[in-house]
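Lettered A, B and C in written order, each chain numbered from 1.
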Amino acid sequence: MNRRRWVAVFGAFALTTVAITYVMGLWVTPPDVFQGNLVRLIYVHPAVAWVAYLAYGVTSLSSIAYLWKKTRNYKWDLLAASSTEVGVVFTALTLITGSIWGRPTWGVWWTWDARLTTTALLLVLYLGYLALRRVTEDREQRAKRGAVAALIAFIDVPIVHQSVVWWKTLHQSATVFNADLNPKIHGEMAWTLLLGFLSFTAVYLWMVIKRYEIAKAEMAAEEQGIEEAIRERVGSL
Amino acid sequence: MFKAAKVIAVKDLRIELRSKVVLNQILPFVAVVLIIFAFAFNKYPALLVTVAPGLYWVTALFSSLLALQRSFSLESENNAKDALILYGLDPAGIYIGKVIAVLVEMVLLEVFLTLGIVFLYSTHLHELADLAFSSIVGTLGILAVGVTFSAMTSASKAKETILPLLLLPVVAPVLLSGTKAWENEIAGKAGLGDPWVGLLILFAAAFLALGTLTFGSVLEE
Amino acid sequence: MAPRRQVVKIEQVTVLLGGFPALARCDFDVFEAEIVLIAGSNGSGKTTLLKLCAGICGFREGSVRVFGVDMKGSRADVRKFVGYVGHATLLYNDLTVRENLKFIASCLDIPFERAFEYASEFGLSGKMLDQLVGTLSAGQRKRVSLAAAFSRECELLLLDEPHASLDHEGKEFLEQVSIRFRELGRSVVVASHEFERMESIADRRYQMDSGRALKL
């Protein structure tokens, strides 16, 4: 099978796992004693948030790889940009699903809680990164400046998080990561939760691969245009 | 590096002495903002005292955007930025020089801003030295990121709009910590051991280091 | 006679400006102790060629060597030996002529006096030194930036349209200083539409056409 086929198969796999997560989350798992059916958001919301962080992690690593002279290659820049775009989508999804969850549980669509605020800042932070790329025309400049901006964001996120946590917090403390899959979550619920993480991560990978390939194709097309323009200029003499 | 920083800072401040853009345009801007906030809290003037720390930092942040834009528009006026590269100045030195020059201007603006908050909003300040320290460190943090972003965007078409979009989310911790530090200091609760001041120091140090290291990549065409 | 040292060697270089090949497989040479003239219509690539030699412009393919240094690597080292005057004056409008020259001198680590000597050679002295650059005429500003560039006493001087907005007297000064530089073994590259102007003192000429430099 060629690469394209592999990507298509992987995409189908990712979407199937998401579908299974939905079936499990909506029908197979039981409602919560306190939260009722609302608890079903737990199969989506944390997984989506995890993917957003994963995406920005990839952005940071590939930006560092671009800035470091030994590994400098446009591929890293394209990967950073692709991952950020997907990350922004997942950050927005995190905010939306969180908001939907928050309305019935806390009674408000939005509250200035630490994690919400950090996530909102994360969204505008990386929107700024994408905007900077848009206004920078020269390819090399765009790559360098984008990488520096991504590095600034990377250093900023923990500081933002720390400051906002000190500021105030009323978010439920993380239930999954600290526990030995535990009295609170059991059986099929735990499996569905895990499947949610897996499936959204797979979707992320698939989207980034797709976006990256488009970016590469765009660059190739641009290259072709440039080669043509050079030939034309040389030939015009 | 320090020689280049000094040359750049002295040059920038001399230009300000001659052109007085900060004095004649940004300082009045600060005054207008002070008055406008009073309009916004028109019904509850006592609230102004409570929110003064936040207003201080919001105003400082907005005026720093103007000061940064001014600092880099004078470099692109006659392509002088090209010259800085041509003369072979150390990029780290250029970066530090720019930060110092804008910091001096901002300190002037913030002294004025503080006076406005004291007299117009009837706020009582106690720990002046602590207050000055946290304000300067916080401003340094804003500028440490701001100079990098301004250099990146000063030649682009959308320079006026892109700088705030880039800078404001990044310096959110400064706004938060600075406001808290001011609140604590006004309440006489905390000195230099205040964790918020610690966060301001960490922010400034991290981004000064990053800016010094990466300014070469930012500046080179 | 020993063979003359080659100062600039550009081979098959392409430079892109926003996707457009401003230089397309261009060849260009400069040797020591010569005055080279580059003529050509607008958009033929003169400015880009000079910027390339000055190390303030990257390139896509080909090879650029200035003083034997490969410009694919670090261009910063080359810039110390190259003076450049472009269309923009590279001066600060809000500073006086004196302050601008002092700033440039301290950037370059050259004595102030030298910068002022060159300034007076270009007819800038006395009261004019204390005028703000922003209030000077275009020709006067050009003289300031020429004086600043010459005062670096670089081995290679690149002048982009130096005649534009210069008066007759200014052009005379420019010619005299260029000739003196050549006698000292330095090279001067001049891009200009006004071919006749420097014709008499030029050693070699190039004609730019469609992003390439043709020897005349």
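Note that in this section a contact is a pair of C-beta atoms (placed from the backbone, for glycine too) under 8 Å apart; a residue touches a chain by one contact, two chains touch by 3 or more.
None of these values were measured; they are calculated from a predicted model.
Judged by the touch criterion defined above, the protein chains are all mutually in contact, each touching every other.
Put simply, the chain nearest the middle, going by average C-alpha positions, is B.
Each of B-C and A-C has its own count of C-beta contacts, and the greater count is at B-C. Centre-to-centre separation of subunit A and subunit B, using mean CA positions: 32 Å. With centres taken as mean Cα positions, subunit C sits 38 Å from subunit B. Computed from the mean C-alpha positions, the centre of subunit A lies at a distance of 49 Å from the centre of subunit C. Residue numbers of subunit B whose C-beta contacts span two or more other chains: 221. In subunit A, the positions touching at least two other chains are 138.
In subunit C, the residues that reach two or more other chains under the touch definition are 58. On the side of subunit B, the complex with subunit C involves touching residues 4, 7, 11, 14-15, 18-19, 74, 77-80, 82-89, 221. Residues of subunit A touching subunit C in their complex: 137-138, 140, 222, 225-226, 229-230, 233-234, 236-237.
Looking at the complex, you find that subunit C touches subunit B at residues 54-58, 76, 79-80, 82, 84, 86, 88-95, 99, 103-104, 106-108, 132.
By the touch criterion stated above, subunit B contacts subunit A in their complex at residues 145, 148-149, 152-153, 156-158, 162, 165-166, 168-170, 172-173, 176-177, 180, 195-196, 199, 202-203, 206-207, 210, 214, 217-218, 220-221.
By the touch rule above, subunit A contacts subunit B in their complex via residues 67, 121, 124-125, 127-129, 131-132, 135-136, 138, 141, 144-145, 147-149, 151-153, 155-156, 159-160, 162-164, 166-167.
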